[in-house]
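The next part holds the structures, each set out as structure tokens.
Two complexes are shown next, each including subunit A; its partner changes from subunit B in the first to subunit C in the second.
On to the complex of A and B.
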């Protein structure tokens, strides 16, 4: 109960201090309104066009690949800790240390192996190439997922 | 280090998890499927991403998995992997049906969609298809809250991608988006329900949880069950959650639509059946209010689902949409079957034979061939004429007698008319429901009225094929596609002629392994 109370006080004080700072600031700061100040800030540059644009699918692919390996590392941590404690675990259970470690390694190799096959597939078929062209995909398959590079090149030239 | 000590003691309580072959054996289907998925990806490396190679590899893998499952003695099953998975007769037959059906879908792909698919898309398509199939296998063999969610998501995520697999097709993309949004919403509700159950009873095992239901639950329990029904109902396309079904079937490829129409619904129904029966077993069946209210809910849901499906099918002029509403109606009939779970009993080992399980397996076995066949014909017609509207079926009796006769057989069977197995399955279901008396008679009446209603739109297809003349040229049917449709039609005939053996087979497999009863008060170590 005491913990809940202190968390509540902390939250209330946290919110309170934001308004205190803004309130105090309104007395101290000079007041010079200017239309530029109300404009959208984009790294000091003037904004061009709308920001409701369609993001390139390639960003998502990279994000997905990242996510897969992120999850993999998350799974590796507890595994590594358990692997390191295998001696203590074996003593407690009265089994061979080697058998526990073997099971752990085989399990992880299996998991990692399946993941690697998927990764090799992505790599081999050019999903990781930023600019997909016939040169980077050594395959002579008349197929490119997503955008056709030739079409892309043409639109680049128009702009 | 205190947490490490806790992990060690809990590990010591249940023993270290060292997989043994004996433990893995009942799950040979899933293991082979996993191997096949890797195999399909690897085949792309030396097969130049050939679609056909990927198709052949997945077909071989599915066949191998079926053979492996046939060799498994389901009696050696029970709870495995610390109760995460269950293997029993029921799960084995469901997996066999599912894998045979998926193999049928692959054959159908060869005869229909293969021509229009980009060369190089094949490995990805089959990886997704087999991945969804794997998730559906798991849905049929778990009663652990975590695994339920995992399995449902594993079945759903590849299905979303499959629905939008034709990337340039706007209708398909829209359907896939609708499917994703619907699926995300329902699975969020479901995971909320599951977490509520865990919060109420402190265990992830439904069997263990059901024993604690008497500790009280009230409104939170009801909310949790509604959440689970939402998640599973989405897979089944039960009524408040059926809106994705017609759009996805229309937008997706015909093979994907066929796959979802049987596999997704079957998986949801088997999962729901296992949940209901595990709860029933845990409660001891004795006039439990919880179980009765669940059965009534499922029954009413089924009655509404089949009525909405049939009335929706009336106005459909698109063959795939018509079949989608038809599949909603059949999902409704199968939901009605699930309301039978209240009548059950089990032996000392927790193995339970149940008329609901038998009727569901029987219905699924028949339904599988009806839908596979109907979608195959739809795919062949679409491939030849480029259309999927009812006008494209005019004069099919003259243009392709084989396809027209097969389609007629599927339509008759879907209504439930005599020379085909659909008749047997439906009569058996109605008889079983009627045998229970009391309010189940209402379900029998609803199914009966719905059957009469459904006559109109199924037979409209037959009328268009045989009685409406058209100037369209004769159709060339690929031997594989025609053969597949013919096999399905013949199977429907054979299954009615040999109805007794089919009934006996499903009866033999209609046994579920339910967790052993634990005396109240005793807490299972590592009950997580």
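On to the complex of A and C.
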């Protein structure tokens, strides 16, 4: 209750500050509307088309992968607290510290293993690369890392 | 005087911390410019006031008196909400920073005969404080009581989780601001910032977890208290010595989280003008810029609390060896706040130093650093820490009961960290590099091409070669 109150008071102070900063000056500012000012800034060029452009699908993939990993990190928090607290926990339960920690480590390793499979998949098929190489997208392509399969085609030769 | 004592101490702390942080944010901008000029061998701002000390005031007034207009087609509500939300999020995150340990106060209360002494004592102490020990009789009707309270705004037991949760909301400010601006630059800047911030949040969380695994608590005050002793009587038991690799990754991640150079792709001036704040003017722009500096303060404070022992410095320990955070002296509490703040400023100086020394990353390099390097490495560090701790439960009973990390464990963890760092370096050499993505296709006639300028009749042959190359690539898929 008290903690909630203290955070709320701090939040109110923050809201107050933001409000003052944004709106107190509105009495002092000039206000000279002009159609040029309402134009979208594009380095002086006229805007073409909508400004809400279609964005790259890669951002979406990043968000998707992030979601999985963030859930994983969230699951790690209680585990980490229990693991770090094993000494006190052992005393409370009357068991050995090592047995608690062993169970915890094995548990985590299992979880970790499942995750690593997914991570390896993402890595192999190039989802972790921002600029995806054509060589990673299919298993049919002979994947030779570090060697451009078309080395000889990289520069034009004019005989 | 009586009504003053009714106000709980966290209100004063909140007021002071709020004021100090806001003034510091303003002066950080001056410091940034001074550091920039020092790095670039210039003098820097020195016109407004002595040594330019009134520069923040002038900047603030300028922001305040600028015309505040919105371009057409913006989303009215979201355009204003974004800077407010961004600033607010950072301010709220400051609530759990443990500035000065625990303050213990001894007072006397007078209790009427027949009244319950314990209930009276609990009623008399301020909110969020804990009664320590039993009330003892001084004279008839008067009892001496002791209470203690954490010298921070909110002594949350899940402080670290709160911080991570609140700081990850800062992404919304960026993406909403970029979207609401109705500008292509802003939109792309917002997207980039989002991708960057969420990518670096995972290694950041994992680095925090290595510390949680070591200390077994999410309470920032307790994490600091557990570092307030010495290994072998000399080395301060700061986590940075036990987890140097985790610290380095954490430092890099908070650079990316705060959108600071070399990770300031969201506002890369050369390509995106101002990124997500291209269309902002006046105080709304001011809030966006201030929130970047405020976020630097918050993340540096977390860094100091987790890795540099918070307020801990020789001479500032409390009298009780079991609970070194507890002190009854006002002077010590204030000195601790000062020490904490100076440590934060040192970390912030590193931020600025890096900004003016390092070139900006390319976006694919940035993503590669997060996904292909930091996430696997931080996962392995977390796992190695857990396994090392399994084998190194402190033998000393006093360390065990306090759940501290003893010197041998720290040495083991340090060795594990260094081993992992060397292992990662060797592995990055041994493992095949990522496939080449930037194919260079020679452009005849370009000064960057190896190809000589074709003669008049040879252009057709060059085009034919290129066509063959493209057909070859498409056949492969």
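By our rule, the second predicted complex is superposed on the first by the 96 of 159 C-alpha atoms of A that agree within 3 Å, B and C clash if a C-alpha of one lies under 4 Å from a C-alpha of the other, contacts with A are read in each partner's own complex, and residues count from 1 in each chain.
Quick note on the criterion: contacts are C-beta pairs under 8 Å (C-beta built on N, C-alpha and C of every residue); 3 or more make two chains touch, one makes a residue touch a chain.
Please read all numbers here as calculations on a predicted model, not as lab measurements.
Engineer: Look at A:85 in the shared chain and tell me whether it touches subunit B only, subunit C only, both, or neither; answer first, second, both or neither.
Structural biologist: Touch partners of A:85: subunit B and subunit C.
Engineer: Check whether subunit B or subunit C contacts more residues of subunit A in the superposed model.
Structural biologist: If we count touched residues of subunit A for both partners, the winner is C.
Engineer: Just subunit B (first), just subunit C (second), both, or neither: which does A:99 touch?
Structural biologist: first
Engineer: Just checking: does A:28 make contact with subunit B only, subunit C only, both, or neither of them? Give me first, second, both or neither.
Structural biologist: The answer is second: A:28 touches subunit C but not subunit B.
Engineer: Once chain A of both complexes is superposed, is A:125 in touch with subunit B (first), subunit C (second), both, or neither?
Structural biologist: Touch status of A:125: first partner only.
Engineer: Overlap of the subunit B and subunit C footprints on subunit A, residue-wise?
Structural biologist: 81-82, 85, 88, 141, 143, 145
Engineer: Residue numbers of subunit A touching subunit C in their complex, please.
Structural biologist: 2-3, 5-7, 9-11, 13-15, 17-19, 21-22, 25-26, 28-33, 37-43, 47, 51-53, 55-56, 59, 62-63, 65-66, 69-70, 73, 76-77, 80-88, 97-98, 101-102, 104-105, 108-109, 112, 119, 123, 128-138, 141, 143, 145-146, 148-150, 153-159
Engineer: Which residues of subunit C touch subunit A in their complex?
Structural biologist: 8, 10-11, 14-15, 18, 22, 64-73, 80, 83-84, 87-88, 91-92, 94-95, 127-128, 153-156, 161, 179, 182-185, 187-188, 191, 194-195, 198-199, 201-202, 205-206, 209, 212-218, 273, 278-279, 282-284, 286-287, 363-364, 366-368, 371-372, 375-376, 379, 382-383, 386-387, 389-390, 393-394, 400-401, 403, 432-442, 444, 449-452, 454, 458, 461-462, 465-466, 468-469, 472-473, 476-477
Engineer: Could you please specify the touching residues of subunit A with respect to subunit B in the complex?
Structural biologist: The contact residues of subunit A facing subunit B are 81-82, 85, 88-89, 92-93, 95, 99-100, 103, 114, 117-118, 120-121, 124-125, 139, 141-143, 145.
Engineer: Of all residues in subunit B, which touch subunit A in the complex?
Structural biologist: 4, 7-8, 11-12, 15-19, 34, 38, 41-42, 44-45, 48-49, 118-121, 123, 167
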